[in-house]
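Chain nomenclature is as follows: A, B, C and D, assigned in order of appearance, with residue numbering initiated at 1 for each chain independently.
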Amino acid sequence: MKIAIIGATGYGGVELLRFLQYHPFVHVQSVHSSSQEGTALSAVYPHLQQAESSMLEKIDVEQISKTSDIVFLATPPGVSSELTPRFYECGVKVIDLSGDFRIKEGHVYEQWYKRTAPPQTYLEKAVYGLSEWNRAEVNDAKIIANPGCYPTATLLGLAPLVQNGLIKEDSIVIDAKSGVSGAGRHVSLNTHFSETNENVKIYKVNEHQHIPEIEQMLLKWNEQIKPITFSTHLIPMTRGIMATIYAQAKKELSAEMLVDLYKTSYESAKFVRIRERGNYPSTKEVYGSNYCDIGIAYDERTGRITVVSVIDNLVKGAAGQAIQNLNIMMGIEEDTGLQFMPVYP
Amino acid sequence: MKIAIIGATGYGGVELLRFLQYHPFVHVQSVHSSSQEGTALSAVYPHLQQAESSMLEKIDVEQISKTSDIVFLATPPGVSSELTPRFYECGVKVIDLSGDFRIKEGHVYEQWYKRTAPPQTYLEKAVYGLSEWNRAEVNDAKIIANPGCYPTATLLGLAPLVQNGLIKEDSIVIDAKSGVSGAGRHVSLNTHFSETNENVKIYKVNEHQHIPEIEQMLLKWNEQIKPITFSTHLIPMTRGIMATIYAQAKKELSAEMLVDLYKTSYESAKFVRIRERGNYPSTKEVYGSNYCDIGIAYDERTGRITVVSVIDNLVKGAAGQAIQNLNIMMGIEEDTGLQFMPVYP
Amino acid sequence: MKIAIIGATGYGGVELLRFLQYHPFVHVQSVHSSSQEGTALSAVYPHLQQAESSMLEKIDVEQISKTSDIVFLATPPGVSSELTPRFYECGVKVIDLSGDFRIKEGHVYEQWYKRTAPPQTYLEKAVYGLSEWNRAEVNDAKIIANPGCYPTATLLGLAPLVQNGLIKEDSIVIDAKSGVSGAGRHVSLNTHFSETNENVKIYKVNEHQHIPEIEQMLLKWNEQIKPITFSTHLIPMTRGIMATIYAQAKKELSAEMLVDLYKTSYESAKFVRIRERGNYPSTKEVYGSNYCDIGIAYDERTGRITVVSVIDNLVKGAAGQAIQNLNIMMGIEEDTGLQFMPVYP
Amino acid sequence: MKIAIIGATGYGGVELLRFLQYHPFVHVQSVHSSSQEGTALSAVYPHLQQAESSMLEKIDVEQISKTSDIVFLATPPGVSSELTPRFYECGVKVIDLSGDFRIKEGHVYEQWYKRTAPPQTYLEKAVYGLSEWNRAEVNDAKIIANPGCYPTATLLGLAPLVQNGLIKEDSIVIDAKSGVSGAGRHVSLNTHFSETNENVKIYKVNEHQHIPEIEQMLLKWNEQIKPITFSTHLIPMTRGIMATIYAQAKKELSAEMLVDLYKTSYESAKFVRIRERGNYPSTKEVYGSNYCDIGIAYDERTGRITVVSVIDNLVKGAAGQAIQNLNIMMGIEEDTGLQFMPVYP
């Protein structure tokens, strides 16, 4: 399988390369960048020296379509809206790591993203690539909208509760904490070391564009679900997301029962690991890997459930899940090329 | 005013010294440690060299009572239970930075702290030193139970909502994030650098001993309040607490109205700063200072209020508030000796 | 004494404010910024809210000269070259935190800074403000070239050895490590959190503009001194510089003798603290304070001396030393307004 | 090839597992711990959950010898001194990650390590496993003394200069900076988060036990080499070592010539990458990988050479090089099972 990576100079793009380098059935045919065409990728990222000798090429849809079967788009907002339809028409499958094709309704996208939505006809062709829950659709897809980092952690954490109607539909509060790499490589005061180190910041309160992405999937699972509260915090670390999820149980439950439910729900999911009762994952325990680790608590005093879901935002929250989706599309083992254990400590 | 510091080798103790060194009306008469008696304090903490020449003395209640008017206890759990009654009987006022005297009912203390409560008679004499809301009682107190770091950030953030009955009483969820210094100087795997850096951990889920401390004060303000959900996370930084507080409004509100309410509530509070609508504080913005900064959001989609409250856990969450209480007890300006601006960046 | 701060939106400027806020003999008359005129300073730095209500004003030399006695320039390279002569001619004293007036010979400045030097006539009027060693000149100065952060740590560490001719003149190697705030608030990939955290980088190898500044002072003390090797490393922390200094002893020495020499050399220096033999300072032990802490080792195997000198780069390496120089110019106690103990931990 | 890991609960042990999990020719037969026998390894390290199901077994030399061909010792100082001779006599090869067998002369070991040396007869059988320079001996070895983390970075950085007699023999100064994981998992105040974060510390000045290890190898390459100065600093990060190496050139050189020399010296070394002139590696660029990246500068002003050598202390500085040596012993490709690209950012 020949693939091309568009937007290879971002963190998502370079993380794709880390995994695809040793993928047994995939060949990275070309890497592309609109801003650094003609530069060696290893000049942009010296850690790739020797391992990776590609030159960054311009983004020429027709040319790429002749040499690659699938393209990964790891591009800034709005770029995929324009490129994906063109690749589609050339018969090239797209795995889009950006948010452009995740929201099914154009007007919702425009409200939260403050930019023009892709054409509705292509939005409808896109499959939301939450691998564990959409395997069948992913398998047949021509366009994959790869989930956002926060939605991945959140949805994997909420799925069993929402699908089984165990929680009050208007009670969901998600407090998410993210490492700074989620903001990408573009420099800004918000990600300036001296302003970020020894600091916790909340941002985009009630306005994060991942809110409609999460709600859309929750509603697909359970149409009774009401709007959620979802907060995002920037934490002084590079990688990792923890979503701490709170919801009110409809009836009295127990932690044991919940842990069992989660284990059953994710029985066949190679990358979702459920912790035993009383144990909760930390972000470092999935660092550099495609795992999503989940712990569940039930508080008898309040009747409230707490779910703790962690991922590496650049792996399961981006490049890793994209490759997992590629594997599903190719009909091979889901963890091919992704069998990396977490880097600890 | 002559004071003694018991437990001067912990982070709370040494932070008391940083502020009291230049307090115009206070003289640090002696510093005490059970474990390092006879050592110079500057040998334990080289950053004090030259500025501080005290030797650590043993904890002799009678002796201390002869030379000091007030003692600060910055001691591990259980120590104050034993020492405070003795100081009281010697006529020495106590400002206790530990949790021993915060919970009014002994059996509640014993349930959450898993240790024997202090005698009920002394518990009743203790005043909960949340300076902004208990000035009158603090002024007359003989024993101050200085609030915990998490309860300080949380209660200052919740007070206007709870006192004014604006939120559904069973809807309070607090997601708190703390720097590692809150765990003190005692070494453990949990605070080992390599396991803490580049990592976010949740701990004591539904079991944190600050839960009853928060609920006790909320109930004093509003007896309708129901049990809360309160979660604590360890963040890879040294200082700072952010409490992100979620609650359901009883009726439709607006951010403007809430910001106004908070400004009014804290009009006379020198150390509480309310952010304008749409602005939220980060922990670094209070670093090293006694400020508590608060931002408030209202989400029309969900009817939920989000309050963001930040403090430096070692200052407003410990030593700073203790000195603020001392000032109130002495009848002097509340910010005497505490006029330090945040260290930024 | 009325002062104005030019370049108040940088880290040096805001740190000046932290200290001057409570300086008993200084009034900050106005704060100035070329880029953010008309904005409240607390809008740029929310941590100043309530404590500081100044509006940023434009840089109008004539206007400032009417209202202030002394100006602090905390401006980017090249700005002071232009402003300082104008203030001088208006009879206003200047304390310049930038590097523009530190190098006595214009052609040397131009070679290392790659920009036009200030007029030679004003260069000659400037006094190099290494407080501990240039008190007399500072006292009389009209223009102070406040030393760079690296040179401050390095020169205070080397002075006793070089002044007393104890080391081989061609043997000096300085390996310096700095926190990221030294690079200022201007965003760049080099100071982007994700590229800086969990990382050590060397930069400007053999090309750092602080090299001629250090050599100039060493030669003033001892004209036999040969060119030095000076390397700078970016460390994943915000504040702090450690200069590890290596030099070959001319004859056999001992650590005791060296520690004694340093203690004598800095006997009257309130801000230089010499560690006992076998003890070495860490950067956190001076965090937020104006101290320079120094430890000294002598290795009998190699005859080499190792000096470890630490400062807070924004305090003793910038704003703190600037205020120390101001105090000297005013003829008051050198530590006025600077009596802040290190913030630890 | 069946292998056993002794000391599997340390960072070196768990890192061996990360790589060996997918090594095509190696089977991890058993994992051993003196302190946590009977516990599942995934209970000690939750990040291993699902991927690794081994139980920790006691250290029974006879039993292990029956089931394994090679043992890795990732044990605290002194343990290997006792175990290695016993494994040897049982015909089991040993790759020792501790320092016990690195120093050829027992009395030197005892002087620097302050503990009893292993029997001289076994010391002589041990081969120093600096893979790039000792391939032939490693290939035949029965006991491998795997190099220390600092010596690996330092020796790879110095080899071309020392082997070719380019530098003055008494001019070597090495300033090394290390992440905290090098201190292992054992808790201490020195590695306590709050004392280590936002801090740089120098330690064991002129007394580090890696000094004789480095000198021994330098002398093997060039018997004129004189005692070195070698300083170690603890940096607030988890992984990574940078050795900044200074030495005086014997005659005038150029950076080009030096870069060429290094490229030639390491032509066949898969894991050593030489940077182009004017480029220097940072530690993050080798994070999680077995690479050693090297940059070289020559300063015409001083005639001094600066070499910057970086590794991941737990990989090339421990587990990775140990596996590289295993591969050499097995006669297979040196990078088998080690083809991991750096995790960046």
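The criterion applied here is as follows: a residue touches a chain if its C-beta (ideal position, glycine included) is under 8 Å from a C-beta of that chain, and two chains touch if they have at least 3 such contacts.
All values reported here derive from a predicted model rather than from experimental measurement.
Trainee: When the contacting C-beta pairs are counted for A-B and for B-C, which pair yields the higher total?
Mentor: A-B
Trainee: Among the chains here, which has the CA centroid at the largest distance from chain B's centroid?
Mentor: Using the mean of the C-alpha atoms as each chain's centre, the farthest one from chain B is D.
Trainee: Whole-Å distance, chain A centre to chain B centre, using C-alpha means?
Mentor: Once rounded, the distance between the two centres reads 38 Å.
Trainee: Go ahead and note the Å separation of the Cα centroids belonging to chain A and chain C.
Mentor: Going by mean C-alpha positions, chain A sits 45 Å from chain C.
Trainee: Whole-Å distance, chain B centre to chain C centre, using C-alpha means?
Mentor: Their C-alpha centroids are separated by 36 Å.
Trainee: Provide the list of chain B residues touching at least two other chains, using ranges where the numbers run on.
Mentor: 11, 179, 181, 194-195, 197-198, 236-239, 284, 287, 345 - these are the residues of chain B that touch more than one other chain.
Trainee: Along chain C, where are the residues that touch chain A in the complex?
Mentor: Contacts found on chain C: 11, 179-181, 183, 185, 187-189, 191-198, 236-238.
Trainee: Please output the residues of chain D touching chain A within their complex, sorted ascending.
Mentor: Per the touch definition, chain D meets chain A at residues 11, 14, 17-18, 21-22, 45-52, 181, 185, 197-198, 238-239, 273, 275, 279, 281, 284-288, 293, 339-345.
Trainee: What residues on chain C touch chain D, complex-wise?
Mentor: Contacts found on chain C: 170, 173, 175, 177, 179, 194-195, 197-203, 205-206, 226-229, 231, 233, 235-240, 242, 244, 246, 280, 282-284, 287, 295, 297, 299, 301-302, 304, 306, 308, 310, 345.
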